[in-house]
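What follows is a pair of complexes built around chain A, which joins chain B in one and chain C in the other.
The block that comes next holds the complex of A and B.
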């Protein structure tokens, strides 16, 4: 197990290195440049001065090497547009995304797994049909549209929930973080929960028809024990895969949802950094998201083994 | 054991997530939201506004973008500011006059002004701002190109400064109203060439002399301003202003409707109808110094032919565009001086009303012929225009509309949509375009020299690359005189000359749409002028 983890971490570091090089080259090859330099109010000499200030007149490979050296020393650079160390900027934004992602993921699992289980047990019944209808909507409705609709109904029409931000900083109403979380978390849950539901249902259908389930019933185990102790536990690995997948998507920040709800998360930060060509932030966020995805994948792999003793890491 | 504890931990996490989310249920939320809903009952007498991104508090910083313009004028003062008529009025300077045949501007500074940290304001601060920051070529300060005619600034004692000019420039006081804050030398001078890296000043705790000071900044979320106890001018009646950072226009509208915002500028006229029907809100339409245009690249044929430029203008139905795209919030443009400059704007200058037949005749007079497929041919080939545009505001739909109008007269426009930075680089900096839709925002002055002078074709704002000696002479004369009547006479002549030359196809002057809570009074002027006159804002009884 330890050797496996060490090997996966080593591979992860290599992946990060290659990814950082590709992203760095692509970012610099893209047309345009940092917004401060590509500014219609700036003269040619001003632009040259800024290029020098940002070190952009050096060859791209030299800049990458310099950036990598700084990263290895724990320095992700300074944001062009926010004037702050990238580590601090990410430290400001990343927890907000983690909060949103954690809540949406938690709800997706809490709703998706039991619902999928019940739908599998009572296939074709009203709960299955209703759940399938809802999940079909969740899978097919774009999150942008859903976010706007949620704001319209719950904020504009019903005046129940705040539409934007994380806090009511003073002037407007809206309370603290929790009320501000409800709409974005609700939208994310509606979009991601169906993935959990579909896999949970399919896995449970298969598990409920498996030999070991029949054997458990034959041994006189209660239906509750058969479903939750034997079938669900064996059906959980595919669910864990989809949870891992959702987590990697959520941890990168849903830029659309974060933008519509003015949620100060990493996805929105990346969109703004990209539009302003804030290279240090773009690279910093890429590295942090990349590292998070690699970590999540390793954790999911380890959990496979914990949940299913048949999985070996030799 | 490990398995059990892992599952227990997972379950606990999930449960916590659910509980956390459920805790903010509708009961508590309804109470807290509803008190501010409808934008009327704002018990703590603060107001909430919006900006669309994190703010850089140093407006000269090349990374201070439009979102900073919405906040900074409340924290900093300039030498001059706009009064409600849009004319330069005293701010940190109390009076000004020209000297040395217009080659110097002398500004007398206000005495007794203190920075928000209690330190006194003097000429040293003005000298630092201009000599060390704005005119320092190594820093590339934002908007520094506006001051290319200023050679240096000197002081005559602690309360008088003199701007030395390369050539007479009568509109300097107007330019100084336009996002030109004075910076505190005692805080920033020690930074030297690293002034842009002072994150504490730029993003957290700026020190200005304006009517408000920063109380707190939550990155990505909000900026809270409170009244500056040292402010030298009339004290604002609103004790606290909170700027929420909201990047999405539809969310701004939602927040106006649910009462979470008290004042916002709505940029998309398509979203206004809902706001107008809400009795808790006041929607005002105000003029601003902005015009949208079709910029044709006069560096290349056939756009260097005035007949072609006029033809392409005649082909566009501008009233229909204003109705369709702006929902009527705008008026047809006939030149670079917008109606907001009531004294200088001439509504009778030749415009180019929609007349496709005339457009075709003019193109034929310019040597083009109708050919197969109803297309217009130029030198034996279909007349095709390279028309890059950017994903920004309504540039894309506007470009598509223009494309359709030109298609109707047999002219093909190939649109390339790109992101704003790439577009700016390709079009504005490299001049790699045939035509483009664009806009200009400028200070409230009839001085349009930077945009139409031949001397600014290669390095300046004359992107269209078109000018002539007569127009140059008129614009130079206007820059030389401070006499208002003479300026008016020259501005009239400039507008006529520009209409004849048609260096760009003027499309429309959009109107600014300001939305305020019913109980809040903000002067019905454009946003920039309103910020300069924040002392006039108040809650209605």
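The block that comes next holds the complex of A and C.
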């Protein structure tokens, strides 16, 4: 087990290194650089001065090495556009994304798993059909379109909920974080819950047909106990992997939903940094998200074994 | 020999008929897609209104006989833009799927077949690519390579190949252990021929359903990118771009958001339904 974790962490660090190199090279291959964006009327000498200030005249590999060196010392550089340390900027935005992602993830699990279980028990009944219909819609609808429609209905027509931002009063529903969260969390849940539902249903169907379920029934266990103790526990590993997958997507901040609702999260930060060619922020966000994703994957793989003793690490 | 081929054809036709009977949803989705493709590509031949001609005097008109779906804030005809935008979305969706499949299957098959160091290196790259959220990677790539349609196709394909590689890799791992692979090797079949003739063709069923689902995902990605203003650039129409315009006018003319959204939704729905029924 310890050996497995050590190996996984080692592989993770390697993956992160490769990823950072790929992204660094990609970003630095961009023509123009930040100097092209800062001021369109800037003279050649002004640009050169700016490039010198940011150290952009050195070869790419040297820059990558010095970037990596400072990252190892916990320094992600200074944002070009915000003139603040990148670690501080990310520290400001990341909790907001975590709040949104956590709420959407929690709701998706709380709705998706019981719904999938019930759909698996009563296949073809109305609940299954209804849930499958909603699932198909959730998987196909563009989240930002749903977001616009939600704003239209709940903010423009009904004046019930604020259309954008995180705290400011205005629109409807007054100030405070909670009313601002309802629409984005609702949209994210509608889009992500179906993934949980599909997997939960499929693995529950399989588990309910397995021999151990028949044995449990034969022993005279109550139906409730059969479903929730025997079948669900066995069906949970595929569900866990889809939860891990959703977490990795959500942790990157659903850039689009955050943009539509003007939610100050990490996804929106990335969109803004990209349009302003804020290289240090782009690099910082990518590396922080990449590291989180790799951590989540390792945690999920360890959880497999904790939840299901049949899983062996080698 | 003749008999064998005839039998093969019969079997295949029978399979198609059975698929139609057991998957009415998949069949409806296939018909829906044919209708969308025909409408979008043949529609402009019948409906000859320019999708890019602006007319400030005819801005934000409600539907009328001259403009069946009304006009947008610049006075452009919405139906014409819907058709033109559809061409872009559908072409980008299909071509970027092709890019993803070619790279993904190649990498996955090579990693799964040759194992060892090759496998180690290739799969680490796949992991690294999978660790970056799709939209973020696309944003970085678009900053670097610009956002002309060919680049968008390439960039979306480049985001989707790692998932394809994982599927191909998993399948090849099990296929290479089968007896007929060993038999082919014993007969002196070269490694490349073995991969090309005996292993990759076995992947077809899973590739076809993955491909269909990938087109759906690619269309969603392209529209999202255009919605953020990083994808297809005006004056070229795209469904995502139309929704971006609609968002700034949501308080003035909410109907702008309706049609492009419905088109994306229906197209993606059809691809998803078809992909799911093919998977079964």
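Assume the second predicted complex is superposed on the first by the 304 of 314 C-alpha atoms of A that agree within 3 Å, B and C clash if a C-alpha of one lies under 4 Å from a C-alpha of the other, contacts with A are read in each partner's own complex, and residues count from 1 in each chain.
Definition applied: contacts are C-beta pairs under 8 Å (C-beta built on N, C-alpha and C of every residue); 3 or more make two chains touch, one makes a residue touch a chain.
Predicted, not measured: the structure shown is a model, and the values here were computed from it.
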### Message
Looking at the superposed three-chain arrangement on chain A, would you call chain B and chain C a clash or a fit?
### Response
clash
### Query
Taking the superposition as given, does A:65 touch the first partner, chain B, the second, chain C, both, or neither?
neither
### Query
First (chain B), second (chain C), both or neither: which does A:293 touch?
second
### Task
Have a look at where A:103 lands relative to chain B and chain C in the superposition and call it first, second, both or neither.
first
### Query
Which of the two partners, first being chain B and second being chain C, lies in contact with A:285: first, second, both, or neither?
second
### Task
Scan A:6 for contacts with chain B and chain C and give back first, second, both or neither.
neither
### Query
Looking at the overlay, what does A:166 touch: chain B (first), chain C (second), both, or neither?
first
### Query
Touching A:156, do we find chain B (first), chain C (second), both, or neither?
both
### Summary
Chosen between chain B and chain C, the partner touching more chain A residues is B
### Task
With the two complexes superposed on chain A, say which partner A:277 touches: chain B (first), chain C (second), both, or neither.
both
### Message
Contact-wise, after the overlay, does A:145 reach chain B, chain C, both or neither (first, second, both, neither)?
### Response
second
### Query
Of the stretches 116-124, 224-232 or 314-322, which one of chain B hits chain C?
314-322
### Query
Do chain B and chain C land on any of the same chain A residues, and which?
30-31, 148, 151-152, 156, 259-260, 275, 277
### Message
For a test of understanding, state which residues of chain C touch chain A in their complex under the given definition.
### Response
124-125, 127-129, 131-133, 135-137, 139-144, 216, 220, 223-224, 227-230, 240, 243, 246-247, 250-251, 254, 257, 260-261, 264-265, 268-269, 272-273
### Query
Once bound in the complex, which stretches of chain B touch chain A?
2-3, 6, 13-18, 20-21, 23-26, 28-30, 32-38, 42, 44, 46-49, 53-54, 56, 61-63, 65, 137-146, 148, 196-199, 202-203, 216, 218-222, 224, 240-242, 244-248, 250-251, 254-255, 257-262, 418-426, 428-429, 459-461
### Task
Can you check the complex and tell me which residues of chain A touch chain B?
30-33, 35-47, 49-50, 53, 78, 80-84, 89, 92-93, 96, 102-103, 105-107, 109-110, 148, 151-152, 155-156, 159-182, 185, 259-262, 264-265, 268-269, 272, 275-277, 303, 306-307
### Query
What residues of chain A sit close enough to touch chain C in their complex?
11, 14-16, 18-19, 22-23, 26-27, 29-31, 136-137, 139-145, 148-149, 151-152, 156, 248-249, 252, 255-256, 259-260, 267, 270-271, 274-275, 277, 282, 285-286, 289-290, 293-294, 297
